[in-house]
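These are the structures, in structure tokens.
Presented sequentially are two complexes of chain A, the first with chain B as partner and the second with chain C.
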Partner chain A sequence: MTASLGAVVAPRRLARRLSTIGPLGTVSAIVIGIAALIAVIGPWITPHDPNSTDGITLQFQSAPGHLFGYDANGRDVFSRLLAGARTSMLGPLIVVAASITLGVAIAIAAAWRGGRFDTIVSSALDIAFAFPGILLAILAAAVFGAGLFAAVVVLSLAYTPYIARVVRGSALQERSKPYIAALEVQGMSAWRICARHLLPNVSGIVVAQGTTLFGYAMVDLAAISFIGLGVQPPSADWGVMIFENRQGLAIGKPWPAVLAGLCLVGVVIAFNILGERLARRDAGIR
Partner chain B sequence: MSMFRWALTRLARLVAALLISSFVIFSAASLAPGSPLAALSNGRTLPPEQQEQLRVRFHLDDPFLLRYVKWLWNAVQGDFGVSIASRDDVSRLISGRIWITGQLVLYASILILVIGIGLGLLAGLRRGAADSSVLVATALFAAVPAFVAATLLTILFVTELGWFPALGEGKGFVGRIEHLTLPAISLAMASIAIVARVTRAAVREEFGREHVQTAESRGIPRRQLVRRHVVRNAAVPITTVSGLTVASLFALSAIVERAFSINGLGSYLVRAAGTKDIAVVQGISMVIVVAFVVVNLLVDVCYLVLDPRIRTAGDRR
Partner chain C sequence: MSALLEIDDLVVRLPVGGALRPVLRGIDLRLDAGEALGLVGESGSGKSMTARAIDRLLPRGAETSGSIRFDGDEVTTLRGADLRRFRREVSMVFQDPRSHINPVRRIGDFMTEAVIAHGTMSRREATALAIELLGAVRITNPTERLHRFPHELSGGMLQRVMIASALMGSPRLLLADEPTTALDVTTQAEVMAILDELRRERGLAMIFITHDLELAAAVCDRTAVMYAGQIVEINTSRHIEHDPLHPYTSALLRSRPRIDVTMTRLEAIPGQPLSSFEAPDGACAFAGRCPHAADACVTAAPPLVDVDGGATRCSRVDELRGTLHGVDT
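So, the complex of A and B:
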């Protein structure tokens, strides 16, 4: 995310920004940038149609012009990896955007109002925090039918407490600072103070937590697709690809499944590291 | 008095969690698009007398809240209704599979507690090579999802080395252990890494505390220092993270059981969700939530043992 933002920022400022997250953080940002780019343009640069079963007689075989050969259904593995980036990253993007919107709204309302309202919200968050997202997603699939949509909606709700908890702590700290009281005395409306002053000052921790949650959401959504309740075949998705090509493991042709797993784990690690570095940077500023 | 109050608030919280999740689980079914009857009959059109039967069986003519209370009352007594797919009692279907999942989760929990805390203590107490290799390894393993771990372990230990059977749950004690080893490792891998990292951080933090440094300067033997002053105090955050990860295993086992074709609660839950067998999904979800609450109860008991302040003054941790 930082990398794609950086493209519009002047190079020197970009270098300074990257230096605050360290070399490992920079590499992670680059990995995420590449993955995001492939997610956007992937479906147009695939060398073959990712759903064409041309090689149905050549399951798990290599072939000229097919970088990683054919998968269990005779489709081009490389093309499916490229096309899969979009489904694998679009879901988490929506989950993170939705849970940030909801979580920040709840957290700032709780921190601003304080008192009983805050107590009730906090204990509700504690209970919701404990409820496993995967179980909710399975429940949603049972009710609304298997598919990416239900999983995304439910995970957005399940991740809201992760955002709200962290942001509430940060917002409470900020709320008690004198400048907020000064603005209140000046008669500025609560809405305006929250939107113009409180929100920008907690945005660092929101971005850091959102980055980490993006990685979690990728894992959870891929897992749901892996058990057959998320992205439906024949759509290309890294989680689905691991499941589809499982039969290759037993016959010594593990590469289609392993490559999809590597793509997933590589991007998730990048999000984890970047999230951690951003959180550390935010703590350093405070 | 204060300890009693502490126990009471904890208990109230768990009961609240149980009630709220049961409500979510029950009401999810009524959120389903279309009539509840259609959901119950799995989209098939039934003859009127069977429709009537279903109406009576599931109290469909009652108001929503009353239905929930009736469902909960029956569930407490172990009656989760009848599976649409197999026409069998849900509780019978659950009890036939609960042990295999219980064993898998137990196996994984032991791995998490022994290896996770062990590696964390090792890295926390020793600086240098041991510490940095644990840090690097846990950073990697924490990012490997259970189903990717399952794939990689299968390649290495089943296809290449042939040490373990690939699928199923095995017969007899040895067979069961043999079949559940790779699933348990897959299930535990990310949690081991998380527990190890938190343990290491907790140990390091305690070492930095003033009372530990004072004790060190007083010449208290290291062994005693570590046991009485460092590990004792670090035990509270370690218990918290262990409890959190172990409690999440019940839901995660669905994925691992699918990956290794184990006929446990989790894989049955996934299958039932796929066929919209709502009564089964509700029943298994409730079992998972109850297991979750029980683990949290155990964690609270651990706090009671570990933190004498709760017993005497009832301070917040």
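So, the complex of A and C:
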């Protein structure tokens, strides 16, 4: 998977890979690719300083050289959108990476051990499902103070069951396949069989589920930032931008908030579609 | 010779529909080092389950009693590193090689991973041995095959890879669970010949599981016939083939197709094979299908009694001796 977008892959092979996720999936992958690129280089290509309040007297006004004009605090909207891509996507990235690590470890342990251990883990996951991530994040902000870090930690834990449940199902199915038994009778350790055989063979569903969760995490983190408990102003972040420019919606100047919202929605939808296509492809292979 | 494998009163119960049902009902076996034993029976008679019990590969929830000793050490209670060490001494060849090899790994990986992981060999040594063994199972271009994926090889080829792989760790016992059943007839003969030859060369003990009594008798020193989770007759292969002492063995021998006799219809054993948990408690499990069944057969379960250097589980063994037919010579 990691090499698929690299330059080492021949264009024809890349095209064949993309064809397995369909045209809509391909568009989604391209949208995500562009968003990821901006997240990496965004802060360096802003035409103006995203935190400069030069246009403080020109709130919500357009101005030459400012593509989307000024925001509520007289900052360049376009520059803030570019710079905001990084903070908006970094949080979900960490959430997904952390919940995958934790979720996959729990799922494979449960599928491998089975029996009572599996029953206990599965019940614990079902209970964990009941906790809404965003409420926990608000609670964490109350305890540890507002900020991206607390929100990311809490959401990582809250999303772990979503990964673990799906992967457990897949791993359980894989575990019962004869080739796993054949490895066992060769005297190979459980650890090795899990890491080198079981894990790679459930990686498809892990990637699919992780992609979908990325979208969810992005919405949750933007919402947490919107209510002021996540990314703190004046940092550029799409959720923060919606919050900062909300008065514009009332006075007929919705563009700064709407643009930030569109960026968010566009990327989230792309992640959802791609996640769903990857899951469907994975199911097709099985 | 000292016994490599000793099985005493092995009983295995599996959870079926909420209750534990017996699939093996008291197996006693003894296998010397370098000896080949055939395990023959119809589907569900427990032959595969016996091999799986030896290699501790029983389904979840299975309950085992009795004892299995390998080289004098009890293996039914092994755990962790000890179990892994034991498993390296025992190799298994499965009926369907394709489903027993990770489809996304290359042949070379499949063959060398275990020995490299165990630290017995370096990658280079393991690769050299893999090439040598692929040559020994008569696979052409062995070096090139190491880079192939399982789906690129035919079933017969893959089974030979499986056999080569089984020999990688220099095991002392080979459990061959219907290794040729899934192959077409010409491939079967070739794979069987390779297996037999390599086993003899290496002085490897083998339990050969098959439903083909004649094939078992041809490659094995001794043959055991199983029915409904029990051994009903065990003896030297020659004895089993020509002088069966159990009506079931005789019926099996007579139900095979022959090319030297014109028959309008193949002889079949009447009735259905019994699964071991349907077997009646106080009667012979085969009585319902046995042409020689008498009152004694349904009033008491016959024990396995030593006869003619082997053993048989038939109440009427003394009356029937000499009247049962085997393969004519």
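Rule of thumb we're sticking to: the second predicted complex is superposed on the first by the 279 of 286 C-alpha atoms of A that agree within 3 Å, B and C clash if a C-alpha of one lies under 4 Å from a C-alpha of the other, contacts with A are read in each partner's own complex, and residues count from 1 in each chain.
Assume a residue touches a chain if its C-beta (ideal position, glycine included) is under 8 Å from a C-beta of that chain, and two chains touch if they have at least 3 such contacts.
As the structure is a prediction and not an experimental result, all values here were calculated from the model.
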Quiz item: In the superposed model on chain A, is it clash or fit for chain B and chain C?
Solution: fit
Quiz item: Once the shared chain is lined up, is A:G187 touching chain B (first), chain C (second), both, or neither of them?
Solution: second
Practice problem: Please indicate which partner A:V219 is in contact with in the superposed arrangement: first for chain B, second for chain C, both, or neither. | Solution: first
Quiz item: So, does A:I227 touch the first partner chain B, the second partner chain C, both, or neither?
Solution: first
Quiz item: Touching A:P200, do we find chain B (first), chain C (second), both, or neither?
Solution: second
Quiz item: By residue count, is chain A touched more by chain B or by chain C?
Solution: B
Quiz item: In the superposed arrangement, does A:G115 touch chain B (first), chain C (second), both or neither?
Solution: second
Quiz item: Given the touch rule stated above, what does A:P132 touch, chain B (first), chain C (second), both, or neither?
Solution: first
Exercise. Please state the minimum Cα-Cα separation between chain B and chain C in the superposed model, rounded to the nearest whole Å.
Key: 14
Quiz prompt | Contact residues of chain A, present in both the chain B and the chain C interface | solution = none
Quiz prompt | chain B-facing residues of chain A, complex | solution = 123, 126-127, 130-132, 134-136, 138-146, 215, 219, 222-223, 226-229, 239, 242-243, 246, 249-250, 252, 254, 257-258, 261, 264-265, 268-269, 272-273
Practice problem: Would you mind writing out the residues of chain A in touch with chain C in their complex? | Solution: 114-115, 177-179, 181-189, 192, 196-197, 200-201
Quiz item: If you look only at chain C, which of its residues touch chain A in the complex?
Solution: 55, 57, 60, 83-88, 90-92, 94, 96, 99-105, 113-114, 117-118, 169
Practice problem: In the complex, go through chain B and note every residue touching chain A. | Solution: 13, 16-17, 20-21, 24-25, 28-29, 31-33, 39, 139-140, 142-148, 151-152, 154-155, 158-159, 166, 247-248, 250-252, 254-255, 258-259, 269-270, 272-274, 276-278, 281, 285, 288-289, 292, 296
